[in-house]
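Here's the structure we're looking at; comments come further down.
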Amino acid sequence: MKKNNFYKEIYRLQKTIRLTENKIAKNYKKYKMRCPTHLSIGQEAVAAASGLALKNNDISISYHRSHAHYIAKGGNIKKLFAELFGFKEGCSKGVGGSMHLIDVKKKFYASTAIVSNSIPVGVGIAYSLKLNKQKNIVCIYIGDASLEEGVFYESLNFAIIKKLPVVFICENNFYSVYTHLKDRQPKDREFYKLANSLGAKGYRLRQNNPFKLFKELKKINEKVRKNPFPHFIEIKTYRYLEHCGPNDDTNLGYRTNSELNKWKKNDTINFSANYLVKKKIMTKEKILKLDQEVKKQIDSDFDSMKRLRSPKFKDIMKLTYR
Amino acid sequence: MKKNNFYKEIYRLQKTIRLTENKIAKNYKKYKMRCPTHLSIGQEAVAAASGLALKNNDISISYHRSHAHYIAKGGNIKKLFAELFGFKEGCSKGVGGSMHLIDVKKKFYASTAIVSNSIPVGVGIAYSLKLNKQKNIVCIYIGDASLEEGVFYESLNFAIIKKLPVVFICENNFYSVYTHLKDRQPKDREFYKLANSLGAKGYRLRQNNPFKLFKELKKINEKVRKNPFPHFIEIKTYRYLEHCGPNDDTNLGYRTNSELNKWKKNDTINFSANYLVKKKIMTKEKILKLDQEVKKQIDSDFDSMKRLRSPKFKDIMKLTYR
Amino acid sequence: MAITFAQAINKALHEEMKRNKNLVCFGLGINDPLRFFGTTKNLKEKFGDERVFETPTSENAMTGVGVGMSIHKNPCVMMHQRLDFFLLAMDQLVNSAAKWHYMFGGQKSVPITIRLIVGKGWGQGPTHSQSLQSWFAHIPGLKVVMPSLPNDAYNLLKSSIRDPNPVIFIEHRWLHEIEEKKILIKDSKKNIGTKLLNKGRDLTILSYSLSTIEILSMKKALFDNNVSYDHIDIATLKPLNLNLLKNSLKKTKKLLIVDTISHPICSIGSEILSQVFLDKKIKLKKNPILISLPDIPTPTSFFYTKDFYVSKKKIFNSIEKILERKLRYNLDLNEIHDVPNKNFKGPF
Amino acid sequence: MAITFAQAINKALHEEMKRNKNLVCFGLGINDPLRFFGTTKNLKEKFGDERVFETPTSENAMTGVGVGMSIHKNPCVMMHQRLDFFLLAMDQLVNSAAKWHYMFGGQKSVPITIRLIVGKGWGQGPTHSQSLQSWFAHIPGLKVVMPSLPNDAYNLLKSSIRDPNPVIFIEHRWLHEIEEKKILIKDSKKNIGTKLLNKGRDLTILSYSLSTIEILSMKKALFDNNVSYDHIDIATLKPLNLNLLKNSLKKTKKLLIVDTISHPICSIGSEILSQVFLDKKIKLKKNPILISLPDIPTPTSFFYTKDFYVSKKKIFNSIEKILERKLRYNLDLNEIHDVPNKNFKGPF
């Protein structure tokens, strides 16, 4: 990446994620994307900064809310849309749906639907990298609820004793479905401290400045690359829409409008745009142009879905075994 | 308990456990006690001090190495022997064997054979105590390998958010079967610190002076009784015999004779006997008499096994469902 | 007044919570805004959040916690929004709950009822749609109940809660909106749950859970075709009582098992077939047919599920095959195969 | 030179580790002083402790780690000293390993072989003796292999390791000391594993794993009684190929299934019965018999296990029943029912 180019790239990625997710949200209600879909609107900074901080041959693996991570690792957006629509052209041939994404070429190895289920798989990949003396790392995305599943602790323990090159990115958005963190975990628990006392290296980073976040993550990744060891990074963030689906949900009463608005006011995409202008990295006009470019591409990717044909069950009947 | 009486009681309990386990070890090779049997020889101080620190209506629950905890909670020794022999008169009617002990009256609620399996059960009992506004606590015994199973973390988390009256007694004897702690968990991990950062109250106590240990545990128990909250106590200890069975095993090479001998030199039963004499709580003669008394009782309990008859499968065929 | 399956569950929970002050309910989502598909409505309001509580995402520990509560003083109802999540808890289920009473010599039993919801359609896919009743039935010490109609849901949930043993209570998500006219209160001490829904001569159709609803919806078509059949709904899968089935078979000598929510191998369907096969007193005139899902995980896509799931056509065809004659039937071409009813708009 | 089952396993592991530099073996106890019942002898010494490693007691995570390694570049063999411990890993097995290839559109497969040891006798009791092959067979995406003789153990372990799909490889602990004269090397690409061990006219006996050894030990007695029987050993339980059985049944028209290491309900035995029952081409002359364990958890006591486990007498009696005639046989009254051989002194 050319010097300073990363500013533009991060912004572009944030925007790409936002507009892709918006596109899905807007069209979900036509009832053609028929699968449980967890959107990342509001959480783009984490995905963008962490995705760009990885090298092409680094691997990432994610959980149910994974569109952003898939895109940030270079995942093909057409194939994402096709997956949601259930077409054979989807990244998982339509078999997996929104919660089971994969882009082998881009080394986005998988996202899975059971809370914490992909964690040990990521750790296993890291063991394999080490065995093969590859100088790559594995980035494992998790939500805050992942710390409630025992397998997180088992996996981290193994990664520590084997000194594996894994970076956990924990997107703490305070909620698991409708339940606030304080009702699920000890009130004054600090994730990064907990990670430390488990024996990993814990960090607490912030999403508010995605460029800074990128640099911090990049530094950590290089450290891990040089001296393989599990690092755990908590980043507080917030989802704007409902847990699963395309709607606002403050009417349900489990969280307040004012909480939501506080986060919206600090929207990281706005921040990035303003920052680029302020620092004279891009002009307002250039940004607008970029926005339109991104939008056009997404619109065209989405429109291309119309040309896809309904697949048949027999196309995948032989896929259970290889 | 009368003042100072606890000294004698602790000693008696240590001795009772040691002699019971010795009795089993000596007779195991006659191949009549046919079940996997994990002896606690070397670890008696923990059981004795913690068992006596509980009230009658407190509940304890344990893992595969549980004879000592069963005895320390008042479990019937005849029924323990009968269980090992597989008689209907056993504490679990011979169905469970050494790894599944129970004495409902004495509120020793269970020991189970799968690592960490009894932990959430103990936590559930604690929730029930709280619901019923009982002022009792649950003592959950675990080994050092328990911290490798995810369910430990899940259970502790729940106990913390619900503020439950549980005390974990972790007998860290450094080994899980033939594998040293350092090959299974991070080298500089301190259990009590880990417990703290999970959100519990962590302690590290020592077994070398069982009387002191008793007082410390008693204090912690009373604290928990007053303000229910999970406490986690690590006590380093050491088993003298093989992981499972009645033999010495230093010949296997996974641990050294010198390591074993270091612990034997600091045997807690010797310590207790000497301490009682030194502090003039009991004379040497009184101790000898007590020893003989204990031995006689155990011998007679053991001999009574000869009078038991072989049970039949049909006696328990209806036990699967209540 | 009509009552839905979900309302019947809710009613049973309310009554049992009221009846037994020690009963506790918990689960992930139990107090969510929709109240667990409506089945836990007003429960927390009525009985407080100590007896009706939300849990962390810790399926294995929470199952053990349930065992602990229920061997102490508090029988409980644990619930999971998808059966698939419960796979994390097999140690506590199989090594603890199922064996506790037995392995501790009959001194403590585990009165826990575990509600598991099975997903279907709207892209539930491979990990949100599994139905493992045959796993549970394989394990001695467990009971397994899978009602299909509100009355059975109500009565069987009550008897499951009062049962001193662990009961796996499996609800197909698509049943929640199914209605019956009113609730008939049965003796709640027994796990009843096998009954004749139609009486005839030529064929015995056995089904359970959602499959029963599917057969019921074909009633008129079968009647119009003069198909005279016994329809047996079997809601208690373990212990499995096949008396009604066997008596029916002595008459009809022809058997169709419709089990549209299970994979075929080592399934409840296979078990029933094998028990019939072993019975000397039963001689069939034709080989039986077992309809089940293909031995393939559930795909997500709307397009694939159409042929993955069992169609009514397939059931009609199987009946034709057994009876050796053609049937006339109209299939509702407007019916969408991946939703339980027209109002359902996903995602769960 | 005779070779034991345990040695056959060991030989297969050595050869495959040598053949494929990416293959990894791990498990709790893999490098213990006894080397996993002798099956992993010299493995670490030969291939180093990165490829042959001991694990923490973390069954669920380690299964996921195996999935991760094997979808990346390292196929692996994971092992558990008791199947019972593996219950903690059902999420990773069923929701990950079994479905991965399918749910990600066929792009990555999971070449993992999972060795599970089944315990028996010497008070293994309710939680150290379970054998859940029917659970695994129920799950699409898994293969299940249960050899009974050293040759099959050797060849099937090799083919399992080379299989690009997850294979559950179940070894009964009592087989480890069983000997065969020598190893015949077969084509290791296929999961072979159904074969005729005796040929006759009047009866078909089907068995697998330890049950096969039990039937083999009765060979002389059956011969002396002029019982002419086909004995079929079925080592690959999933996918289940019943051609050999069905052909045999067309001849003998009588079937005894001996499955002495499984509970009866929804078992492999039930599955086989149901498949035979469904087949139009097979008409039996007598109702079949299925011998299995009672539907009760394993008790610990020596006294109880005597009648809990299936005796030879029971097998003889079942044959008498099917053949409708009495047999003469001597039972070795000195045989101890809770050890595999006279040298076995527990505890595992």
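Miscellaneous remarks
So that you can tell them apart, the chains are marked A, B, C and D in the order they are listed, and the count of residues begins at 1 in each.
Just so we're on the same page, a residue touches a chain if its C-beta (ideal position, glycine included) is under 8 Å from a C-beta of that chain, and two chains touch if they have at least 3 such contacts.
None of these values were measured; they are calculated from a predicted model.
Using the contact threshold fixed earlier, the set of chains in contact with both chain A and chain C is B, D. Ranked by separation of Cα centres from chain C, the top chain is B. Measuring from the averaged C-alpha position of chain B to that of chain D gives a distance of 37 Å. Inter-chain spacing, taken between the CA centroids of chain B and chain C, is 43 Å.
Spacing of chain A relative to chain B, judged by their CA centroids, is 46 angstrom. Residue positions of chain B with contacts to 2 or more other chains are 90, 94-96, 100, 112-114, 148-151, 154, 157, 161, 183-185, 316, 319-320. The set of chain D residues that touch two or more partner chains comprises 56, 58, 60-61, 84, 87-88, 91, 95, 102-103, 125-127, 140-141, 295-297, 299-300. Because contacts link each chain to all the remaining chains, their graph is best described as complete.
Those residues of chain C that touch chain B in the shared complex are 22, 24, 50-51, 55-56, 58, 60-74, 91-92, 95-96, 100-109, 140-141, 143, 164-165.
Residues 31, 34-37, 85-87, 90, 94-100, 112-116, 145, 148-151, 176-179, 183-185, 244-245, 252-254, 310-317, 319-320 of chain B are the ones touching chain D in the complex.
By the touch criterion given at the top, residues 59, 90-96, 100, 102, 104, 109-110, 112-114, 117-132, 150-151, 154-155, 157-158, 161, 316, 319-322 of chain B touch chain C in their complex. In the complex of the two chains, the chain A residues touching chain B come out as 148-154, 157, 160-161, 183-186, 188-189, 193-194, 196-199.
Chain D meets chain B in the complex at residues 28-29, 32-33, 54, 56-58, 60-61, 84-85, 87-88, 121-128, 294-297, 299-308, 338, 345-348.
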